[in-house]
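Structure record follows, encoded as structure tokens.
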């Protein structure tokens, strides 16, 4: 969840995981802004596999700190990666490499605090050239927020995608949250904008603004104030509980969440038009 | 050259390399249809690093056979790869991995005939799990045919791209052959369609139909007959010499080549319109 | 021959029968892509076609293709992307079957498209592997299309480009290959399948108007038969109609 | 203070001076992105900005950014792509410099953004690495921005998230790191640079109205000075005008 880094984060899924009270989850993402912090505070998380957990606007994630420092609400295990090395771990998982030799974390204590990373040397070099061997990472499920999809799950994404493609192909199952459902012809008009085709997708859900408060390029602006308020209101556990009741637990679904946001959500809707130049796929 | 496999092959460069009489080249490509065969017949090639050399329409490449079997016009060295394993070698070269552990060539004699590939086992497995270690491959120059570019080299490509991105990022230098030069605003309207941005490009040349006789999606159809004729006419070396004089050596440049093709080239121009649905990049 | 179909048409329809509904298949060009089209029109309307250059399609292209990169194969595709992305579907176990051909195949289904003779000094240099080894090693099932000649179905190939069962038995598994290996070899005379603990190719069916004796004579090893060896089922009316709908010009009819 | 600029404005302009024309720079948010904007408007009009989520831009975004993934950073970008593609420019030696910050830095320029205390049982859990180790290990030069406090500029960090010169000397090179390491540390009091064979951070310049003595008192190790230590050059009129053109609301002026 949050493979795209700071945009297109599937917060609608975050909320539903909390409502369903799932536990012992392993949250895998390079950076997923406050999504992981919410899940930790709700006691859903046993393991965090990633590069960064916090609040991009506010800095620290209070729930992450409480869990890692004091075991509140429960202690968590942290599998440390850098962005590039977790990207390579997804790549290996996606493309059938049992492991991958990475140099970008040499010298970092990530190679010490993450016991799954092995140190080795390059067998093609006569000199002692160190490499870090990172095992393939294969998530069980990848949740993707996309701008538009047809009802088969053939989807278009644009803007920066972080590790979305590698994480999705590595995952056992892919669930698409589409901001808009369109006719198959719209997607088929531009097959190079497809990140993963429908036959690789296990479910497609129509959830407008599933990304809120994170942005979705061409669809929704980022709700900076929401991140800021979350940071202020979750400084202690009681504050988080109140926040979480109000925005997650006491709401039945994402439709109710959107209704609660009301005009605020409308003000984040992108109404401008900056269309891409057409690409011609004609064959004759 | 020919990283996209059977489309967007930079034949204009093939011709110019032959005209300049370059020698001892190492041609690196998964599959590049008859481009490599032409260069071999012209004595330009010392080494072939790739997965397939021939004539996709006709089958065998006669020059490739003559060189590999009889050393005519010169003997060549062949570095065998499969498509996926050369892709992984480019990937390693592009992304700073000294080598990459691949499973898709296990059991194949490619691991025997290519001495640069080492056999090893997965250090993360308790069982003896074999892997083939493929060293990073970094070409000196990558030539890319693109549908459109601005004069800084910011380019749009669509349709299947084979190994274009990995080969380009792995290469020391990138030279773009643009079918059309457009205003920077056209490219900037869709930054997700950029394969490699202009700041990574060393030169951009405006060469319409640089891909002929291979196709370029939305621009040029494939000239099947040209491939067929090449196959017929190059069965012996004298035939190749005649063909090469006529289509390459006796022509000063690609403009003359296009003039010689004349109406035939015009009949290959794609005139239909199958535009991609627009993507909105507006931020407000 | 009184039949209303050609040998190539029979091969295409036999190949189409190897494709199940909803499967993802590495298709390739020519005969296999036609077989894929027939399967889509008959029993496998939800099959998905993959092409190693970076193309995936639901409906087969409307025009005749010479290469997988031709424009008609990309217009209206499900996905146009890179080679790594498409072939990555293989390693993720998302590909059910792949078609490949070859110059030589041996009794354990190993295929040679690289060198006849020694690779250091070959008698014949064949075009090479392309993506065939990757498909052969990783697809759940491999579907091989060959011409049935004694010098092409050989006891042992000079060079294994695309691995079958290697030396037979469980050697393939021991070598770390994740895919299931050759499931079927469709020739212009017969259908062979691996059989028994050695995974040796056996005669599974002989095409109408071909005899077991003739087939043995044209095979480079002592070809055994599976217990229920039988004549290849003739194309049905529905299958032939589907094929003729695709092959409007009768390219495969002669 | 009689000066017509704030400390933060001075830091931004000092950072901008570290960017050369035509360089590709991993920018990050807030102070560095403003410094990048100033450099583009003054001496480095052809610099290129990179953002690890998969964005590369020529002109800085027109609107204030909170994250690199915000819409304004993507509209009109040179490239919107994946993390691997963008960070791959690092390993290809195509990136000249990168900005990073941190909670702790030590005298050899190692940076901690992960754990205060033991990583198994930390006193403080910091957000983590993001892409900082990748940039720190592979960019030609690292430009570090820090607040100058004794507990932040420490003798030895508790955890090396992003490697500087490790234990000093040529340890960085021996560890296999391809980039050059920290070239400069810009704080709210001073500018530090590695100096001598040990690559220890030395005081290179003190900001106007700050004394060497005060700086030493606020540094967690026995900070030495380079031979030609001097006062940080004040912002020029041109530099300040460029900054004010970007920071219209005066966010950095106080």
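Letters A, B, C and D mark the chains as written, and numbering starts fresh at 1 in each.
Criterion: contacts are C-beta pairs under 8 Å (C-beta built on N, C-alpha and C of every residue); 3 or more make two chains touch, one makes a residue touch a chain.
If you're wondering where the values come from, they're calculated on a predicted model, not measured in any experiment.
K.L.:
Looking at C-alpha means, what's the farthest chain from chain D?
P.N.:
C
K.L.:
Report, in whole Å, the distance between the mean C-alpha point of chain A and the mean C-alpha point of chain B.
P.N.:
A distance of 35 Å separates the two centres.
K.L.:
Quick one: report the Å distance separating chain C from chain D, using the average Cα coordinate of each chain.
P.N.:
Each chain's C-alpha centroid was found; their separation is 57 Å.
K.L.:
I'd like to verify one number: the distance from the centre of chain B to the centre of chain C, where each centre is the average of its C-alpha atoms, in whole angstrom.
P.N.:
27
K.L.:
Got the chain B residues that touch at least 2 other chains?
P.N.:
Correct list: 88, 91, 95-97, 103-104, 129, 131, 158-159, 161, 165, 192, 217-218, 221, 270, 274, 281-284.
K.L.:
Can you list the chain C residues in contact with two or more other chains?
P.N.:
55, 70-71, 74-75, 80-81, 84, 87, 90-91, 138, 178
K.L.:
Mind giving me all the chain pairs that touch?
P.N.:
A-B, A-C, A-D, B-C, B-D
K.L.:
In their complex, what parts of chain A are in touch with chain D?
P.N.:
4-8, 30-31, 33, 50-54, 56-57, 59-61, 64-65, 68-69, 78, 80-85, 87-88, 91, 103-110, 112-113, 129-131, 158-166, 214-215, 217-218, 221-222, 224, 227, 270, 274
K.L.:
Name, in rising order, each residue of chain C that touches chain A in their complex.
P.N.:
24, 48, 55-56, 63, 70-72, 74-81, 84-85, 87-92, 94, 138, 178
K.L.:
Using the touch definition from the top, list the residues of chain B that touch chain D in their complex.
P.N.:
Chain B residues touching chain D: 94-97, 154, 165, 169-170, 188, 191-192, 194, 196-200, 281-284.
K.L.:
Any idea which chain A residues touch chain B in the complex?
P.N.:
88, 91, 95-104, 118, 120, 122-125, 129, 131, 133, 135, 147, 156-159, 161, 182, 186-187, 189-190, 192-193, 217-219, 221, 270-284
K.L.:
Using the touch definition up top, name the residues of chain D that touch chain A in the complex.
P.N.:
Chain D reaches chain A through residues 51-55, 66-71, 74-75, 80-84, 87, 90-91, 114-115, 119, 122-134, 136-138, 159-163, 166, 172, 175-178.
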